[in-house]
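The following block contains the structure, expressed as structure tokens.
We just call them A, B, C and D in the order they show up, numbering each chain from 1.
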Amino acid sequence: MEQTDFSASDSLKTWGLLVVLLLIGVLTVALGLPRSLALWVIFCVAAAQAYVIGRYYMRLRSEDVLIYTLALLPVVTVIVLAFVLSPDVAMHR
Amino acid sequence: MAETTLEAAHSSEAHEKMGFWRAYLFSVDHKVIGKQYLFLGLFMGFVGVFLSYVFRWQLAWPGSSVPLWGKVTAPQYYEVVTMHGTIMVFFVAMPVLLGAFGNFLIPLMVGARDMAFPRLNMASFWTIFVGSVLLLISFFVPGGGSHAGWTNYVPLSDASKYLPGNYWGGNLWLIALAIDFASVLMGGINFLTTAIAMRAPGMTIWRMPLLVWQELVASVLFMLSVGPLIAGVVMLLCDRMVGTGFFLPEKGADPLLWQHLFWFFGHPEVYVVAMPGLGIVQEILPVFSRKPIFGYRMIVWAVIVAGILSFTVWAHHMFVSGMNPVLAEPFSVTTIAISIPFAVMLFAMIATLWRGQITFSTPMLFALGALANFILGGVTGIPLGTNASDIYLHDTYFVIAHFHNTLVPTAIIAGFGGIYYWFPKMFGRMMNETLGKIHFIFTWVGFNMVFIPLFLIGIGGGQRRIYMSSVYTYYKPLQPLHVIATIGLLIIIAGQIPFLINFFMSMFRGAKAPANPWNATTLEWATDSPPPHENFHTIPTVVRGPYDYSLPGMQQDWAPQAASVQAGAAQG
Amino acid sequence: MANSAVEIGISHAPHEVETSFEIGKLGMWVFLAGETMLFGGLMCVFVLEWIYHGGWGADGAHVNWPLGAINTFVLFTSSLTAALAQGAARVHDSARAKRYLSAAALLGVLFLIIKAFEYAGDYHEGFTPLAALFWSFYYLMTGLHVLHLLGGIVVMFGLALMVNPRTPASWLERKLKYICLYWYFVETVWILLFALVYLAPAAG
Amino acid sequence: MILGWLPQDVSTFGPNIDSVLKLIIYVVGTAFVLAEGTLLAFVILYRRREGGRAAFVPGESLRQLAWVLIPVVIVAILDVAIDVRAKSVWELVKEESPAPGLTVKLAALQFGWEFTYPGPDGKFGTPDDLVQTTFLTVSAGQVIRLLMTSKDVIHSFYVPQLRLRQDIIPGREIPAWFEATQPGKYEIACSQLCGNSHFAMKGILRVLSPEDYQQWVSQHWPKSGAGTGKSASSARPSLSGKEG
């Protein structure tokens, strides 16, 4: 069993990072930044938070390749679905 | 090793103490659950065949009164057609191929004592049981079952003003489908975890039988493709019951979205049905031609590549559906690309027979019948996958004949082959060969007599889902073809009687089956028939691949996968 | 049910000791892969409809994102306590692990309460699921997430109740790992939902 | 033989689609006959003989696998050839749209068809529009452009003799075109399930010879007497000189 040290300080640090990212997201909306910039910031914050949880809480980094693929395969499938659907659903005549 | 034997003995005592309920109805033993799936699949199969008998009679002799049903009205016709499609795909093909064979065989073939999560496995059966009960109830609900076709396109299935009186039928159809998806997802979790994590020592992934490979890839395909459709089903359910407008054009949404979500799931779904069927054929062919399967690794890679490509082809169902025509070109190309791995598998299966010693017992007959018809099914897919010819052939009987020639050989004909082949292992008794052969001849000849005329009706322009074909003059020359097809169906139904007698009689009065009646090499034949509660007395060690038949320099023409010390004990 | 103690106690699958993988973790990841496709499919449809409508415009502006932000904070704290519970179980301190686990579940309940207030507020202001396509998606996606949260909370409380001084720490640690894996997944889904349904329309 | 079942073809792009079908039937037919023939031959030739022994051909070496991979490559190449041939036909029928002699708006509704002719001024929404149900009257040899919408559910405009099928989605306006070559009465059917009377949703496509069409036009727009859109009679290409 690989050593998964859920030490208290690690968890607190992760929690702090998540809260900071949350504040950034909230600030971009509160300050009313221009739309396209705000959208970029919001989605980068969300992606960063998802990465932080995946890496620290779910211990994805220390997992072997099988769990890694099981985690990433659906995400890739959804992105493929979005891109292939877009010409018809998003921009149809 | 000693430790596992002690443990095995302990749990077999536990097995005796369990009363009827825990041993048979609420059992967590994968073998009992496999049989429960088999009985559910067979029962729903006969319901589905009865429904096809009703509408085929109406098609052959429009307006006449159908024995055991009476006159078929237009709403009843569309209800019967819809329920036939739904029951056969989701409540016959999936439970039999994935539920019955997957549950019964995967632990035995990879050398595990049981599935990874036995309780989850039991839950998966009872979930699909509830789903099928709900679907059958929808027949008796006011307005009957869903009338919107097994694909249930919106907005027809969306607002009840388009299908008056079909409110509860449509809702129950959606709920039964969602429950069926949940059940197969639970099964998939078990299949993947068992096959990946609980293989016997020595059973590397390249020594797993092809049926296990096909079941695994099918489970992954299902798991990755069903999510968006569950979302679609929930959205459609909200539209029908709450009144939201996820698919209604007047609310600014796009009806084509449902077709995309349905077929994004639909096409991997037909491979989820086809792959285990082909897996069964690939298990049976080597045993009865005493020859290893041709190109084991090539077939495994072909299955994986076909699985990946199956996510890129779905819009060939929608060439003429009002979708942006520019999209039709890429999907034609991917449809050709996916025909390549299946062509590889087909040619490899034919090559397996080359210079073999073929015995024509019933499982082999069904396997050969399935292979022959799957070639016809695959070949007739090209005109539908090519965009130009699909303009004319879409939604005609050509499409119906095509997908029956791919689904029926894998789910029904190969499924029957699998039942005849593994019946001794499941019930410890042999099935009668002559009744089996009669059943094969009636079923296979009847099947071709139904669907070859349907190809011609399709080319003649006869479109599907037409209740009264006398409305159109161009249908008049095609009517005799419908009559031939219905007579073919009656032959199939007649052929099921010897099967039922054989199936239920042999279960109690068939000849006692030895551990390995067919001299096969895979692990499930290395233990008694029927296997003890914990499958193997001691977990076998695997020393060779699954298809080592007529090895040069070996007197015996088959070499069991399990280590020789195990083979001695299992001679039985 | 004489043997039930053994049945529930060490491991319900007698052969678990032989596996090369931790089958519980593998099973949970396979389950999460299916769930990702469900939520992923829903979000993909939401984004595509958004692009087609060129942003949700007026409908989206009324979303109560401050309450959503508070809820996100509550969920972060809940996952913190879940991680601390796993830490405690690692050092075989079952009592502390039980307390943290209960705290995580209670914070989950707090999330549901805040959510209920938010739904009531929106409903009162007339933003019902039938109001506009955006609100249909909003209620569907957040509703589905709430159901998944509820499932997680029930299992967490169940696990917390089953913990007693005699429970072996390794069993608790393993069960905690699976339920916390699910909890982190539900949190990740909420993060994406929060960005898609709360912040983005409000920014637009 | 198989294609003998095809109904009569009266549309200009009909022969293109029929030729694609013919090409497919030949290519796919030979592949089918070869595969089934080999299967039948092996089944007959290699029956179990007393004391016989099967050959150990596991198909691991590339030389053995070539027996399968080469036929597969051939089949793939033929499929690609079919698709290249079909691509031009698809673009002709579905993507390009030649200059229309007459544009008709079609509205499909539960269990009927509604055709709107622009009238002599060639514009829709003007008082001289003519709305007819069930009957679509056109002149032979004239390119007809259809702008199709649906009032309720998904329908599908399908005329076997024109080899034309196009689903109609409510909320979208979907174009289609055809040019009939022979006058006559052809049935319009709906080929997408659209409710309990989906089978009875029959329309009639009346293709008239140019002279008869002129007469029909003058009947419906008596005062002006000019052809619809660009005057149909003069714009008619010489091709359709044949009388109905």
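Please note the rule applied: a contact is a pair of C-beta atoms (placed from the backbone, for glycine too) under 8 Å apart; a residue touches a chain by one contact, two chains touch by 3 or more.
All values derive from a computational prediction rather than experimental measurement.
C-beta contact counts were set side by side for B-C and B-D; B-D has more.
With centres computed from CA atoms alone, B is the chain lying nearest the middle of all the protein shown.
Our note on geometry: chain A versus chain B, Cα centroid distance of 38 Å, whole angstroms.
Chain centres here are Cα averages; for chain A and chain D they lie 48 Å apart. Computed from the mean C-alpha positions, the centre of chain B lies at a distance of 33 Å from the centre of chain D.
Within chain D, contacts with two or more other chains are made by residues 172, 174. Residues of chain B found to touch two or more other chains are 196, 224, 227-228, 254, 256-257, 326.
Residue positions of chain A with contacts to 2 or more other chains are 66, 73-74, 77-78, 81, 85, 89, 92-93. Those residues of chain A lying in contact with chain B across their complex are 66, 73-74, 77-78, 80-81, 84-85, 87-89, 92-93. Residue ranges on chain D touching chain B, taken from their complex, read 2-3, 5-7, 16-17, 20-21, 24-25, 27-28, 31-32, 35-36, 38-39, 42-43, 46-49, 52-60, 64-65, 67-69, 71-72, 75-76, 79-80, 82-83, 85-87, 89-90, 93-95, 110, 152-154, 156, 158, 160-161, 163-172, 174, 187, 189, 191-200, 202.
On the chain C side of its complex with chain B, the touching residues are 3, 12-15, 17-23, 26-27, 30-31, 33-42, 44-45, 48-49, 52-53, 129-130, 133, 136-137, 140, 144.
By the touch criterion stated above, chain B contacts chain C in their complex at residues 3-4, 7-8, 10-11, 14, 112-114, 116-120, 185, 188-190, 192-194, 196-198, 223-232, 234-235, 238, 242-246, 251-254, 257, 261, 534, 539. Contact residues of chain C toward chain A in the complex are 21-22, 25-26, 29-30, 32-34, 36-37, 40-41, 43-45, 47-49, 51-52, 55, 65-66, 69, 72-73, 76-77, 79-80, 82-84, 86-87, 90, 180-181, 184-185, 187-188, 191-192, 194-196, 199-200, 202-204.
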